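My structure is below; once you've seen it, I'll send some questions.
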Amino acid sequence: MDAHTPSNQIKLPDGLLQRMSRMSTGSLSIQLFKRGIRNCFLAGLKPLNPAAARFAGTAFTMRLIPAREDIDNYDNLVPYPSDRNLQWKAVDAIGKDEVLVVDSRNDCNAASGGGILLTHMMTKGVAGIVTDGALRDGVEIAAMPFPAYARGINATTRLAGHHVADLQSPIACAGVPVYPGDVLVGDGDGVVVIPRYLAQEVADAAEQQDAMEQWLQQRIADGAPLYGTYPPNEQTRAQYEAWRQSQNQDTSSS
Amino acid sequence: MDAHTPSNQIKLPDGLLQRMSRMSTGSLSIQLFKRGIRNCFLAGLKPLNPAAARFAGTAFTMRLIPAREDIDNYDNLVPYPSDRNLQWKAVDAIGKDEVLVVDSRNDCNAASGGGILLTHMMTKGVAGIVTDGALRDGVEIAAMPFPAYARGINATTRLAGHHVADLQSPIACAGVPVYPGDVLVGDGDGVVVIPRYLAQEVADAAEQQDAMEQWLQQRIADGAPLYGTYPPNEQTRAQYEAWRQSQNQDTSSS
Amino acid sequence: MDAHTPSNQIKLPDGLLQRMSRMSTGSLSIQLFKRGIRNCFLAGLKPLNPAAARFAGTAFTMRLIPAREDIDNYDNLVPYPSDRNLQWKAVDAIGKDEVLVVDSRNDCNAASGGGILLTHMMTKGVAGIVTDGALRDGVEIAAMPFPAYARGINATTRLAGHHVADLQSPIACAGVPVYPGDVLVGDGDGVVVIPRYLAQEVADAAEQQDAMEQWLQQRIADGAPLYGTYPPNEQTRAQYEAWRQSQNQDTSSS
Amino acid sequence: MDAHTPSNQIKLPDGLLQRMSRMSTGSLSIQLFKRGIRNCFLAGLKPLNPAAARFAGTAFTMRLIPAREDIDNYDNLVPYPSDRNLQWKAVDAIGKDEVLVVDSRNDCNAASGGGILLTHMMTKGVAGIVTDGALRDGVEIAAMPFPAYARGINATTRLAGHHVADLQSPIACAGVPVYPGDVLVGDGDGVVVIPRYLAQEVADAAEQQDAMEQWLQQRIADGAPLYGTYPPNEQTRAQYEAWRQSQNQDTSSS
Amino acid sequence: MDAHTPSNQIKLPDGLLQRMSRMSTGSLSIQLFKRGIRNCFLAGLKPLNPAAARFAGTAFTMRLIPAREDIDNYDNLVPYPSDRNLQWKAVDAIGKDEVLVVDSRNDCNAASGGGILLTHMMTKGVAGIVTDGALRDGVEIAAMPFPAYARGINATTRLAGHHVADLQSPIACAGVPVYPGDVLVGDGDGVVVIPRYLAQEVADAAEQQDAMEQWLQQRIADGAPLYGTYPPNEQTRAQYEAWRQSQNQDTSSS
Amino acid sequence: MDAHTPSNQIKLPDGLLQRMSRMSTGSLSIQLFKRGIRNCFLAGLKPLNPAAARFAGTAFTMRLIPAREDIDNYDNLVPYPSDRNLQWKAVDAIGKDEVLVVDSRNDCNAASGGGILLTHMMTKGVAGIVTDGALRDGVEIAAMPFPAYARGINATTRLAGHHVADLQSPIACAGVPVYPGDVLVGDGDGVVVIPRYLAQEVADAAEQQDAMEQWLQQRIADGAPLYGTYPPNEQTRAQYEAWRQSQNQDTSSS
């Protein structure tokens, strides 16, 4: 499996997304950087509800182009499936553990979505929503236990600014390429995009990094000198390894 | 009454502003969109005190141009009314249920106003302040029970960046045209501008929309299918109508 | 002492920084404006932990240029002092009551620093960190009792976007010139930069202004008329002076 | 035929594109505005060769997303058709009287294309290229008799910044929606996008407007008063009509 | 006369504008800087016809706010004076040696004006037009012997983006304050704004500076050392003075 | 020699700069991309005189920070060397075949330099000037046979916006890192920065690429099919090689 393997040929191990939802975007970004991927963090997006910011999910993409006055108006919002109504199709089709990733061209002059559609997704176990534009109903969404990241808030209806061009094509989100099936992880600081074929490898490495960095941070907080501790030299690494094994024993013996 | 009717010839019904202060900017924006007004939401502004974000008021406008070094300095800040001191005139002249709307050219490099002037307006029953630039004394204002929306915070005195050019002329605020007397409503998500001649009509429609959408959102939260529920088809509308009438009976019978 | 006096020839009085950490950036900005310095506030930066926003410190500067792929990679992050590793040098060399001021070219596409380095600085009594770019580990830093101001949050490692070009040279930070040794004060609204030779003079004046403005704000809150009260005319100034002396007596007699 | 008619069901009359290549974007924009389309001009793009700026063609769209380091490199530039090589597919597939319209996300940090690909398109009778990003080989293209509009020039290879995501889907170009088959017209001032189903109607009206405005401009240049002449009142319109008919007679009698 | 003197109380000497139209914006900017005015150059504007870029005129201001769909449409473009039609009023009222200065909020998404209105102004001896937004009919205007400065070109009718809010009020243009009656000078590099009360004083000084700098530039071009020549020391100044007097004698004796 | 070799230890072969001044920034950028350097082109800068755009030179860097009112004024422009006058030092110290590269923080609100200083450098054989900000005296410079690249034109004196912080330190220019001694090449499209240790290797490869691409472009212009020709397959490469050797024979035999 490499960068060109279609995402539906790459099976993610059971439990991987759940594990990744506890990792930090910092460690994941560094693991991607070490593998040559520099541009993976969606800069400028914030969780509307910081208490519901953590998630991991696979990308279900939706692409917006600018609205055109003769196409984008309320006549299209028919209450049944239609090709004129792709936003509904997306919200209907997206499933558990997927995250709706919206290419809004970084344009916050109209909303990419709002409270009712998010509520429906939440009831289905969708992992979250990420847009590089704005959401409506910001106050309401801020009170929902649902990960929702956006660049801003705008009450203006999507129709005034955006047209849904297609679903499940590769998109740009906040300057980062996102392919359908990629893994996205949010941790409150923001969202990182991980190419699907790298997800497991990166997750394994980031998990170890997160563990060691927590230990290092405690050492630094306890007054350890900077040099030698962070980044860790051989001695520090050995101390960490010893501590980690003692922890494992504690755990296994308990 | 139409778009060209002078605002002083348009009387707003008693209680309208109070009603509108409870509406959502989302529904108001949609009602304006349906009437051909696409650009009505002040994108990028935030309430400094989210707990005091709701307001409705009529626009008292103040327009800022860039400061000029030989005009804008502390010699002008005389403690009495003067044409050189239009910011004081504004804060002195503005009245109850009006909102000070400031055209700061979206420029956050100096403040448009600060805590003491806001305190004076608050004591008079002014509805709020809205600027597309910055305010000073942000921490202090965030603790005041007074609706104040701005794009940013900047401690720099207005004199370093802005000159008050005139009061009560039509202005741009955050890219939206604002005419004196227009109705502005803030709800925490941001601020919407409603042409005065449309205020009552739009308010009536938005009020109904808000009520139905709350009901729809609950249905969606309870697991109702997306299609048919939102946007509502005939059957859903009939169910809502029945529910609403039962509610009214409950209320009238109680 | 004037603008050209080297900062190491200007001794700050004992206790000055402590006093300045209680002043408002608003009053400090106005005192600088009155002395001809218009551009002194770092627009657009926010404290990650609003409860730990107040600080005063002298500038220890660090300058970042864009990363180059063949220079900025993990091979450089050796766990000992090196010229290839200036960020470590900075964090190691900075001392008590200094603030690390980072010229990140207002670029938030990679982090300027993260939690472990900040933790080390906090343990040493460093006054804070100020960057016009982004920090990593935002959620974590928001929980630390350490003043940290940034324009944004980005989990991307510094190496992906920034190279540390030098330390302790004059820099730009958020469009404001900062010379090593300048005094920076943060109060939650943001950060103001005070040329070192003006620090004492400006502090003395701002302290008096802060005191009077608090009294004026109370008067305005109590319903005093705007004209005559703010800005204060002769009579108001006399009343304030009388009040202030009565306070001092109260204090001295108690 | 309306806004939803698929473009392949709309036949353009013979000679329409040739006629439209002589019209002004100003008149075409006004005719679209009169039909409710406000957002149709590609702001900020310039012809590289002002002497070869006029064109009319139907949109062949190409959409770029940000490059990813493991996908976008020279291994993909194989000298035969491949799904990894969509830019070649586009340049190979595009035909006479079509214009390549590129959604580059307004990003000028890498090129969307360069001289050799443009040369190939020119030899085939392609109408032109329009990108909201940059082109390479700007000096060379400026000397080619081929309409090429871009926001800037950048010598950086596309692979460093862009990935071709797909062809012939609806796109955004310079903030304007472009659907495959839409008619684009360039006249040196820039490029206007005309929904295909409106092309003939708008062209007919713009042609008449262009003719009258040329006559009006001459009248104004000859010192005619502004009011009554432009916009024309009934009398001026009658004079124009008389002049136009006399011209037609001159032409027919000659 | 000072900064607060109304412009209609300040008479400009005969011939001053003609003299100023030959001066450089560089020298005029420096003379303003020496008098404390730092912000006087309209950054980012270019002459459409570089061969017709020189002008000096007094400001006739026009201020644009964003268009509103129910106000700004073709029904307002009646062929007679009307309050709904202030652009016509401006073009009709502006006179010889005045320059139309347009506050377009730096917004190039619609035109501030076009060829026919400029043609009318040109026939009347108007000095030029300056907008911080866009003009239509760019190719045509580039061929007119009329100074026209803009930030960009956009064929979109003004009605799609702008509403004329008022005439002859103080405005912002490209970030610089412009008061009616101020003197504007363009020289191909751009446009400088000179407060009316300073016009004569600044012109006299700039004229001398221009003359000396031409002489200095020739000396530098001839290989004179930098130090001592530019900026000139006492000796160089004396040499210039001698040369200048010899020139005057040549002129007077001829 | 690698990325960390100090530039004064890397000798450039005689004639290399002269050869490089004839290469295209396109081929140089591609050769850098192939070696892992993606960010090397100074996006957004233009030659003021397109007829004098070609140059190659080694970087002499100058770094600007924002001006401070008490430091940056005409008192500093003394006509002799001084630490307060680093711009003069730069223009005095820079030598033949060096190019003055100015970090102006992409800020065009004041000039980075003007005609007289450029004239002095031209007389000394300096290769050119490159700034990511503005130059003054644009019309004049456009007529000089001297390569000068800038983002814009601004008549405002440098003192109003910039302070020269230091010379010959690593800088950012238009978002690209530039180290003293790096090789810069301009070709009319813009400027590319080549790490000094890579200069010779990259030049050799780009020279061959330029030659082949000229031949390929001619083939494409003559109607050769796209696939197989560009990028060239084995057969095309062989044909080119044959042609190239026949050319060399022609040359050697003539």
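Going by the order they are written in, the chains are A, B, C, D, E and F; count residues from 1 in each one.
What we mean here is this: a residue touches a chain if its C-beta (ideal position, glycine included) is under 8 Å from a C-beta of that chain, and two chains touch if they have at least 3 such contacts.
Predicted model only: the values in this text are computed from it and were never measured.
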Exercise. When every step has to jump to a touching chain, what is the lowest number of steps that links subunit B to subunit D?
Worked result: 2
Seminar exercise, completed: At the largest C-alpha centroid distance from subunit A we find chain E
Exercise. Over half of the interface residue numbers used by both subunit E and subunit F, so same, or under half, so different?
Worked result: different
Exercise. Which integer distance in Å separates the CA centroid of subunit C from that of subunit F?
Worked result: 38
Problem set entry | Interchain centroid distance [CA atoms averaged], subunit B/subunit F, Å | 51
Exercise. In angstrom, rounded to a whole number, how far apart do the mean CA points of subunit A and subunit C lie?
Worked result: 33
For this session: Could you check subunit C for residues that touch two or more other chains and list them?
Result: 38-39, 175
Exercise. Mapping chain-to-chain touches, which pattern fits: line, ring, star, complete or other?
Worked result: other
Exercise. Which chains are in touch, pair by pair?
Worked result: A-B, A-C, A-D, B-C, B-E, C-F, D-E, D-F, E-F
Problem set entry | Complex interface listing, subunit E residues touching subunit D | 74, 77-81, 88, 91-92, 108-109, 114-117, 119-120, 123, 134, 136-139, 152-157, 159-161
Exercise. Considering the complex alone, what residue numbers of subunit F touch subunit D?
Worked result: 24-26, 28-30, 33-34, 38-41, 43-44, 50, 53, 175, 187-190, 192, 213, 216-217, 220-221, 223, 226-233, 236
For this session: Using the touch definition up top, name the residues of subunit E that touch subunit B in the complex.
Result: 2-4, 35-39, 65-71, 84, 105, 163, 165-166, 169-172, 175-177, 195
